[in-house]
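Both complexes below contain chain A, partnered by chain B and then by chain C.
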Partner chain A sequence: MFATQVYGDNGKMKEYHYTGPVEHRFSPYSFNGGTVLAVAGEDFAIVASDTRLSEGYSIHSRDSPKCYKLTDTTVIGCSGFHGDCLTLTKIIDARLKMYKHSNNKCMTSGAIAAMLSTILYGRRFFPYYVYNIIGGLDEEGKGAVYSFDPVGSYQRDTYKAGGSASAMLQPLLDNQIGFKNMEGVQHLPLSQEKAVQLVKDVFISAAERDVYTGDALRICIITKEGIKEETVPLRKD
Partner chain B sequence: MALASVLQSESVDFSNYGRQRRGFASGLYETELGLESVGGDSLSFALRTSCSNGDGPDRKIEFLHGTTTLAFKFQHGVIVAVDSRATAGSYIASQTVKKVIEINPYLLGTMAGGAADCSFWERLLARQCRVYELRNKERISVAAASKLLANMVYQYKGMGLSMGTMVCGWDKTGPGLYYVDSEGNRVCGDLFAVGSGSMYAYGIVDSGLKQKDLTVEEACDLGRRAIYQATYRDAYSGGQVNLYHVHSEGWTRVSQSDVLMLHQQYQSEKA
Partner chain C sequence: MALSNVVETPASGFNFENVSRNVALKGLLEGGHTKAPKPMKTGTTIAGLVCKDGVVLGADTRATSGEVVADKMCAKIHYISPNMYCCGAGTAADTEKTTDLLSSNLTIFSMNSGRNPRVVMAVNILQDMLFRYRGQIGASLILGGVDCTGNHLYTVGPYGSIDNVPYLAMGSGDLAALGILEDRFKPNMELEEAKELVRDAIHSGIMSDLASGNNIDICVITKQGVDYIRPYQESEYKDKRQRRYKYRPGTTSILTEKIVPLELEVVQETVQRMDTA
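Now for the complex of A and B:
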């Protein structure tokens, strides 16, 4: 589906009043919405995303999750332009297979993150319009979250929100997990149950206020036992 | 080109992309250690698309880099101090970015401009420095390292890379400090501050360096204070102050201080 200049630059529709003749240019990008979130705990990691796929004022699908399983210990969440998300995950899967065949072992989360950074930078002058967050366990079994920008700059975090509602979710996570802007509060480590409940609450808030987030929430919980998936319904309006 | 050979992709002709970029309206917000912060079409590499003032590609509009990094030479080496904020437009993407890249145990590089550009090219520089060491059986000089970096990015001049970095180290000739950017500048100097908060930082460092012969402790305090003042007045700088000291044995990470804590500390000192 083409996206022309009618759909403003961040995916939101432009005003419907006549401003004069407008040149419609083909844009290779489109904004499909969606929010992704990842939290790292002591011995677990959670990657969650909503499942709404939209474009402009329409919803293409209510069941299009944005978490993709890469290995037994790593899950990636991709939001932005769905076409680039699909291609990027295909490329990552292919590179994982190649690594497995040449090195006879699976890629670790840190290695996947470094590899993704160079894949993204390879398209520095025609970027993948994708906001990625990788969640998984590192070599010591501790939770790890790596967040990226569209051209490959990345860093390891404890928690990160990406996608259309990221600006709404990140401050809440800063306060609840990072204990920011609170004084005299005990810094308790995050338990898995509390983290899952927090993720659900945070997405419910996002669905209230962001049009591109809603329908359902897919949570992937990564522990040394494996990856468990949970689906929770959200507002469908 | 360097980029194509690293990624082992078929060498792509990049020269056309510059022309085509104008047509792509996109809401891409790349994390910047702060390139221009306009809303709307803010592709961080939209340097050319914005200069539609009819002068053609020759005239460049100077964009502010929303960050503050500084480095200065003194009697006992080089002090490197940076903030840690990364912005995507007006959204603060992270307050904990590492803007000092440890190229090797005796060379440091700072980051300002496009985060991905800086980290990618400095990582490539680390690889080149290591190859030099293996081939020549001696450490690379700061002048040579900065020259390698400048030459690597010069091939991409005009294509929209955004990188303003300081290469700091200690080699045979003593402390070394070079400023290298994606426009092709490479200058040697005793003091540099890069970023939107640089003017505020210059004020503090210039007045502090007036008295000769600083001790290591005094120089560190000066660097920390300069970054703190810049974060105080510049909206695009903030987070933490990361301080490094480069001496004859290499570099040492001196401290990481949250700006909020520094504020309380300086306020109580004033009282």
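Now for the complex of A and C:
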């Protein structure tokens, strides 16, 4: 089938209704999908991400996790444009090494967060298309989550979801962890088992309704003993 | 001249009544900084093939609205007549209404002439209508049916093009499904083998395409009748959530309560028995 009415009134190419997205001109960015989530507890932190890498309506890889280990107490989750995710994590790794050699100690979670903010703002006018969430333990051993926007604005949180299904996950976390919009419910502190179960359930729900989330879930649990990784299968369709 | 299959003869030439209305609506909405509503697309994998005894059609059941799954169990195989079914890909509303219109017109024709409609007639009506709208109706259809002249499978594109083929796939997952069909299709296949092949083709579309997913529907049309198997295969991914998320009554806070009693007066009372036989 050949389309005769392919150019619209203003000379730009019109989008086809029935195929996937069409590129109009060269864009340096592309959206590779993926969702990340981080939760901070009393003495633990959890960073979780799905492992699907997609572009348009196709899948590039079913096994591309978005959590990257930075130090023994910090994990970063990056989703968005995969090219920028890889470059950004390489830059952070290099800066961590430089810090370790100059100061003879590892960077703390708070310090990494502050450094990432400056790195991202350094590219204010050609940003890294990455949604970052750092999860780890702070100096006192308590769980910490730092969430970022693509140009470096950040804040410390108890829980945060980022990436393509973030709008579906964040309200659920607000309700289950933050106990928002509920009356007469006991505010119990979050235990590690309950937090892991909640993260798994929440990703199962996200995979049902978001096309970019699925395949498998990689969970990194950070405690003072170290970082434990767990993989759970999700919908593959 | 009154056509035997339509109630009103369509006006000649192209009908662009709605173009000026759409432009005005867009101006109104964009001026008020609201976006015009995006139509829901099916983003689909549909496939069909002709076998020895009839025609087998298959479709997935996911409907997407952008990147969100809007419907996990939508029916994409539409009824046209007792001997014809049509799979639709593209904009969901367009495929539903086009096939509904076709079905109504063919019913009128059946009543007028006392015959079952033939597949070529349905295809010509579809082509006529879609070409008249110059592609503005985003419906890609696979029409399959059995009539007195044999088993037929046709595809109709949104711009009005048609093709008569022995096997076919359409939608965003068509390339994946077509790969399977090209590999294993043989003319005059047995029914069970044909059903498995269509199922495998749709399955590959579901796994490779993000906009297709969930369950698989199959429709088998033969001279003896129609077997609409919905779902032919349920998605293997079941809900495996570990915690229960039920809320106690009273969890939502009641801010104010206002009770308005209705003043009713019984004027007349009658009892009518229902025939429950």
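We take it that the second predicted complex is superposed on the first by the 215 of 237 C-alpha atoms of A that agree within 3 Å, B and C clash if a C-alpha of one lies under 4 Å from a C-alpha of the other, contacts with A are read in each partner's own complex, and residues count from 1 in each chain.
One rule holds for everything that comes next: contacts are C-beta pairs under 8 Å (C-beta built on N, C-alpha and C of every residue); 3 or more make two chains touch, one makes a residue touch a chain.
These numbers come from a predicted model, not from an experiment.
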Touching partner for A:136 - first (chain B), second (chain C), both, neither: neither
Touched partner set for A:126, first chain B, second chain C, both or neither: first
Touched partner set for A:235, first chain B, second chain C, both or neither: second
Which superposed partner A:208 touches (first chain B, second chain C, both, neither): second
Touched partner set for A:198, first chain B, second chain C, both or neither: second
First, second, both or neither for A:59, with chain B first and chain C second: second
Touched partner set for A:155, first chain B, second chain C, both or neither: first
Contacts on chain A seen with chain B and repeated with chain C across the two complexes: 5
Contact footprint of chain A on chain C as seen in their complex: 41, 43, 62, 64, 67-69, 72, 89-91, 134-135, 138, 140, 157-159, 161, 171-172, 206-214, 235, 237, 239-243, 245, 247-248, 250-253
Touch list for chain A against partner chain C, complex: 1, 3-5, 17-20, 54, 57-59, 164, 176, 181-185, 194, 197-198, 200-201, 204-205, 208-212, 234-237
Contact footprint of chain A on chain B as seen in their complex: 3, 6-7, 9, 14, 17, 21, 23-31, 40-41, 45, 86, 88, 91, 93-94, 96-98, 114-117, 119-120, 159-161
Chain A residues touching chain B - in the complex, by the definition given at the top: 5, 8-11, 25-29, 31, 117-118, 120-122, 124-127, 129, 147, 149-153, 155, 157, 167
